[in-house]
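Just passing along the structure, written as structure tokens.
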Amino acid sequence: MKELSLILQFVQQILPAIWITLLISVISIGIGTIFGFLLAWGKMSRLKSVRWLTSIYVSVIRATPAIIMIFIVYYGLPFLFKGWFHLNIEGWQRMYFVIIALTLLFSAPVAEIMRSAYLAVPKGQQEAGLLVGMTKFQVFYRILLPQAFVIALPNFANSVINLLKEGALTFTIGVVDMVAKAQMIVSNNSGGFAFETYGALALIYWVISLAIDKFVSSAEKAYRRKRQTIDGSREAV
Amino acid sequence: VTTVKVAYATTNYPITYQNSNKQGDGYDVAIMKAVDKALPQYKFKYTGTSDDDVLIGVKSGKYAVGVKNIFYTADRAKTYLFPKNYFGVSDSGFVVRTKDKAKYDSLKKLTKNHGKLVPIAPQNGQYAVIADYNKKHTPKIKLGSADTFVVSDALKWVNEGRYDAFFAIKPMFQANVEKKNGANADLKGKLTYVTLGGIKTYPLFNKDQKKLAAAYDQAIKKIIASGEASKISKKYFGQDNFKLLNQKFD
Amino acid sequence: MLTISHLKKRFGQRTILEDIDLTVHQGDVITLIGPSGSGKTTFLRIITTLEQADGGHIQFAGIDKDFADLTKRDIQTIRRNVGFVFQNYNLFNNKTVLQNVTEGLIVAQKRSKAAAKAIAVSALAKVGLADFQDYYPSQLSGGQAQRVGIARAIALNPKVIFFDEPTSALDPELVTDVLQVMRQLAAEGMTMVVITHQMSFARDVSNQVIFMADGHVIEKGQPSQLFTTPKVSRTKQFLAEILATV
Amino acid sequence: MSLDTAFMGQVFKLTLQGVPVTLKIVLVALIISLPIGFLFALIRIYQVKVLSPLVRLYVSFVRGTPIIAQILIVYSAFPSFLAQFIGKTAFNIDPIIYAYIVFALNSVATLTEVFRSALQTVDKGQLEAGLLVGMTPAQTFLRVILPQALISALPNITNTTLYLIKNSSLAFIMSVKDITAVAKTQAAFSYNFLEAYLVVWVYYLVIAYVAEFLFSTLTHYFSRYLVAEPNKNWFQRLFSFRQPNTAVTNTQAKRAQFIAKEVNHVNN
Amino acid sequence: MLTISHLKKRFGQRTILEDIDLTVHQGDVITLIGPSGSGKTTFLRIITTLEQADGGHIQFAGIDKDFADLTKRDIQTIRRNVGFVFQNYNLFNNKTVLQNVTEGLIVAQKRSKAAAKAIAVSALAKVGLADFQDYYPSQLSGGQAQRVGIARAIALNPKVIFFDEPTSALDPELVTDVLQVMRQLAAEGMTMVVITHQMSFARDVSNQVIFMADGHVIEKGQPSQLFTTPKVSRTKQFLAEILATV
């Protein structure tokens, strides 16, 4: 009982940091998705050099631990900017660096997820689109993308949940998201109540991931309703 | 006035941490603030961050100074600029079972009685202390390492006998075990803290900050001599750690 | 209206089409027959720019060029002037029946939504599916799906519609409906090029039958002539085989 | 800022001893979690009573909570709990065992989802054909369904493995000395963390590349029936970058065609 | 040899099969015809245990039970005594032609590899595919794939083989080969139950034709009788429709 009230108390303390977690995640996911999309495109390019470059990029990024990525971005990027653009970005808020690092990390697995989903859409869909006179882009945007989206969804959710949990990266350069907040609470209690604090953290994350699960499964269900037969309407046919 | 970036680790309560106003706080930070006051030509700006970032940031020059309960080692002095003068003392000791206190109340006895020491995070100062002891003494202490972990677990482990001694600092023990609402108040009486001695702590300067370090050296001398440092120590540690320096560390 | 000459196509080392010619006049209904693998599908796919030719000339919709010289703009022009009905329908899975038909009208032909809908509704009515506007492709039977495919093609009002075995994926019972729609289209004067194995359709509806084998046009002629008195023995043999399996 | 290259060289050598540990964690976790993940996926797909909701709960919990919280349960709390029954021997268990458990638990959750989606790409007819040549369902799954599901599962298994390789550094919390642990310990004396991390990065890049290569070889092996493409030898494959696999697209299109047909069939 | 009685099947609210009986004697070749959706496929799937019945009785391979009472063991027995040739082949994609045929022999019937191979080779020779042992299904034409499906079924030496529209996914040219193999099987005395739309096959090969519609057996009889003088008007209508689409 005492533990439970402690956990609730910690939930209250951690919860305000959820905005940082969400802000960082939403922006990284947004940009990372676009970026991953371009990468997937590059990996299927007709140009060997483009394929080669994107493949290397994806391989390297996928193998890079979060903590190394954040250091590369946080220390390497200002260096590059100074050298190339004579721009001092050292004064940027640390949040920007976190977002850049997470975006890069997110883009690589997502590129693979999108590529495989795209390949799973039957080719005839594109041909049919072209022959009603749509341009390639129109076909892609209006016909292929919505279908690939649903195929990619479960794996995409996997990556999103992983990203949400990359708090270690965020905290490494001192941006206080929920994970960092939890660590600081533990520290400020001289290391005490760790179980309860991390329990509270786990609880919050669990709720978030349940929400994501819910979204995914209802999106899948909605799509299945389109793709497969509705029992009622079968009679009508 | 030159602005100086000071990095502090946010998870080293009560030495460096972030208080409820989201401001840097703790013994090391308070001392640096006193130093700042004594140096009108400088203005310190504090940045709270992780242990890793304090170290890498100071090395790269992103931060001029870093504080996080840092002990001196010769290897570190190659990479960083240690000032001549220390700015604090850490009350380091073992948490042991009260009934086994006699068996493990010093480094020597721990080795003699084959006591098991809770693994220490290598980035913590204590790790180097033991490693240093092992260099100079035989038999050696079995030194296990593990990433920063949770104190209250370590206390439980010692109580259960999973380990015999936990190398820690006194305020931690007080907050968790001796305080009324402490996380491990149930272990009060079962566990005891024995002070091994005081270890000097330093701020860490970037190699290029010789001038700043020199100015610091001047200021800190006065702060310690005037007793201000002792006062700060009492505030954060509940005792004057500087007195421990008279005691031999073993 | 559409003239293809000296068309050539290779896949890797293999020559799939060798020097094929085709002339289609306004109102023609031409059927392409021939054994599996003879290159019929490839032929239609090249004309409709889904596949690239390795040689040959096209004259269509104001274009008069070698295939090799077609610009992006030409390709777009061709695509906007043809209709295609696929063997396996290829309806847009994520769109309703109505959306399948309006999609090209709105997106490619830039019609207003209301205008597109009006055209689509009348095209769907023509194929007997006025009541199925809000169904998704997966909820349709094969025959219905194929009729939507046809509605989608005719709604665009193309100069010519190509059909690639429009009934071969259908159960025999459903074939009738689709053929019925095609007959009606022909009667209305739509220009059509049809790959089919339904000899009855070729015989009754088309004004020219082309028999292909191994990448060559072996024989062409009016159905009455070609079916009853084929000149080439290869044609004779093929027709005998087809009729034997009924 | 200059890098201490001498230190890096030294750490590079020392860190080598962490490589087998990292590999052990990754391999053991995979070996345990692959079959269990497969089994769990089947339970979900066939909606086995009682078990299916349990698996679902398990997946959402493990996938949704930070690993550190799981470590806290498995490594900190569990042995103490165990000690109440078997005494102090509970504390002598090699901590790497706990690492195996934590990472296996985690991978099971992800792989359940991976297999679940992959199994759904295999045509149901394959199962029926297996049953009607007299094989049992288990035999059919093992010999016919699994090899086919693996084709679409392997890219995602690769993703999972790469996460696993990277996350295995958390084992240091349990005092297991993997690559990261050794490097960090070295860095602790001189505070050369940046150099240490760079060395660690190189190791991870190599390990990840080997993993990617092995998995892509497996993918090629399992998809050999899809394409009649000339076989590349291992050397050619090592240095080639995967091409857009149009052959797969074609078969998938074909399969979709079949499925579409079947769906319509049912509809009629 | 196989007797089914009072078979009932519902999907949700809809009754798909209502009180169906079937008796198959050794050496019978029975064809099932009927419009799409009449329940033919479902019928065969229930007999072969791929689908559960909602009522009815089966007598086969020593079993004499209501469907509801079948044990796991019974189900395994039934599966080991039937062969099934699928409309869309359902060859094991990841196995070669040879492995497709030996798989059941080795795994289910526990034969030695050598024995299994010998049986498989002779079965493949029978369907004219002796030279294709090492091909993968994706490398076969439809007709070849279906013949492998047949070889797989006959190699198991089942009491009866069921065929579900074995030729309807094939191009007309390829149909001949498959029908040829089936004719030969029939001639050799194999017991067969065949769903087909190839009236010629039904007419020439089978000794009984069953016409199903809406989940009922409407009419059954010898082909000579049923095709020429059907008693029920529904049958007449169906036959007329089928013949019209040729």
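To keep things simple, chains are lettered A, B, C, D and E as they appear, and every chain counts its residues starting from 1.
Note that in this section a residue touches a chain if its C-beta (ideal position, glycine included) is under 8 Å from a C-beta of that chain, and two chains touch if they have at least 3 such contacts.
Keep in mind that what you see is a predicted model, and the values were worked out from it rather than measured.
Using the contact threshold fixed earlier, the set of chains in contact with both subunit A and subunit B is D. Chains joined by the most contact pairs: A-D.
Of all chains, the one whose CA centroid is most distant from that of subunit D is C. Centre to centre, using the average C-alpha position, subunit A and subunit E are separated by 50 Å. Averaged Cα coordinates give subunit B a centre that lies 81 Å from the centre of subunit E. Averaged C-alpha coordinates put the centre of subunit A at 19 Å from the centre of subunit D. Centre-to-centre, using mean CA coordinates, subunit C is 35 Å away from subunit E. Each of residues 36 in subunit E touches at least two other chains. Shared contact sites, meaning residues of subunit D that touch two or more other chains, fall at 72, 76, 194, 257, 261, 263, 265, 267-268. Residue positions of subunit B touching 2 or more other chains, listed in rising order: 52, 56, 60, 150, 153.
Across the interface of their complex, subunit B is touched by residues 67, 71, 74-75, 90, 171-174, 176, 180, 183-184, 186-195 of subunit A.
The touching residues of subunit C, counted against subunit E in their complex, run 35-36, 141, 168, 171-176, 179, 197-200, 241-242, 244-246. For subunit A in complex with subunit D, the residues that touch the partner chain are 43-44, 48, 51-52, 55-56, 59-60, 62-68, 71, 75, 109, 112-113, 116, 119-120, 122-124, 154-155, 158-159, 161-162, 165, 167, 179, 194-195, 198-199, 201-202, 205-206, 208-210, 213, 228-229, 234, 237. Of all the residues in subunit A, the ones that touch subunit C in their complex are 122, 124-125, 127-135, 138, 142-143, 146-147, 223, 226-230, 233-234, 237. In the complex of the two chains, the subunit E residues touching subunit D come out as 36-37, 41, 48-50, 76, 79-80, 82-84, 86, 88, 90-96, 103-104, 107-109, 136-139, 152, 156, 169.
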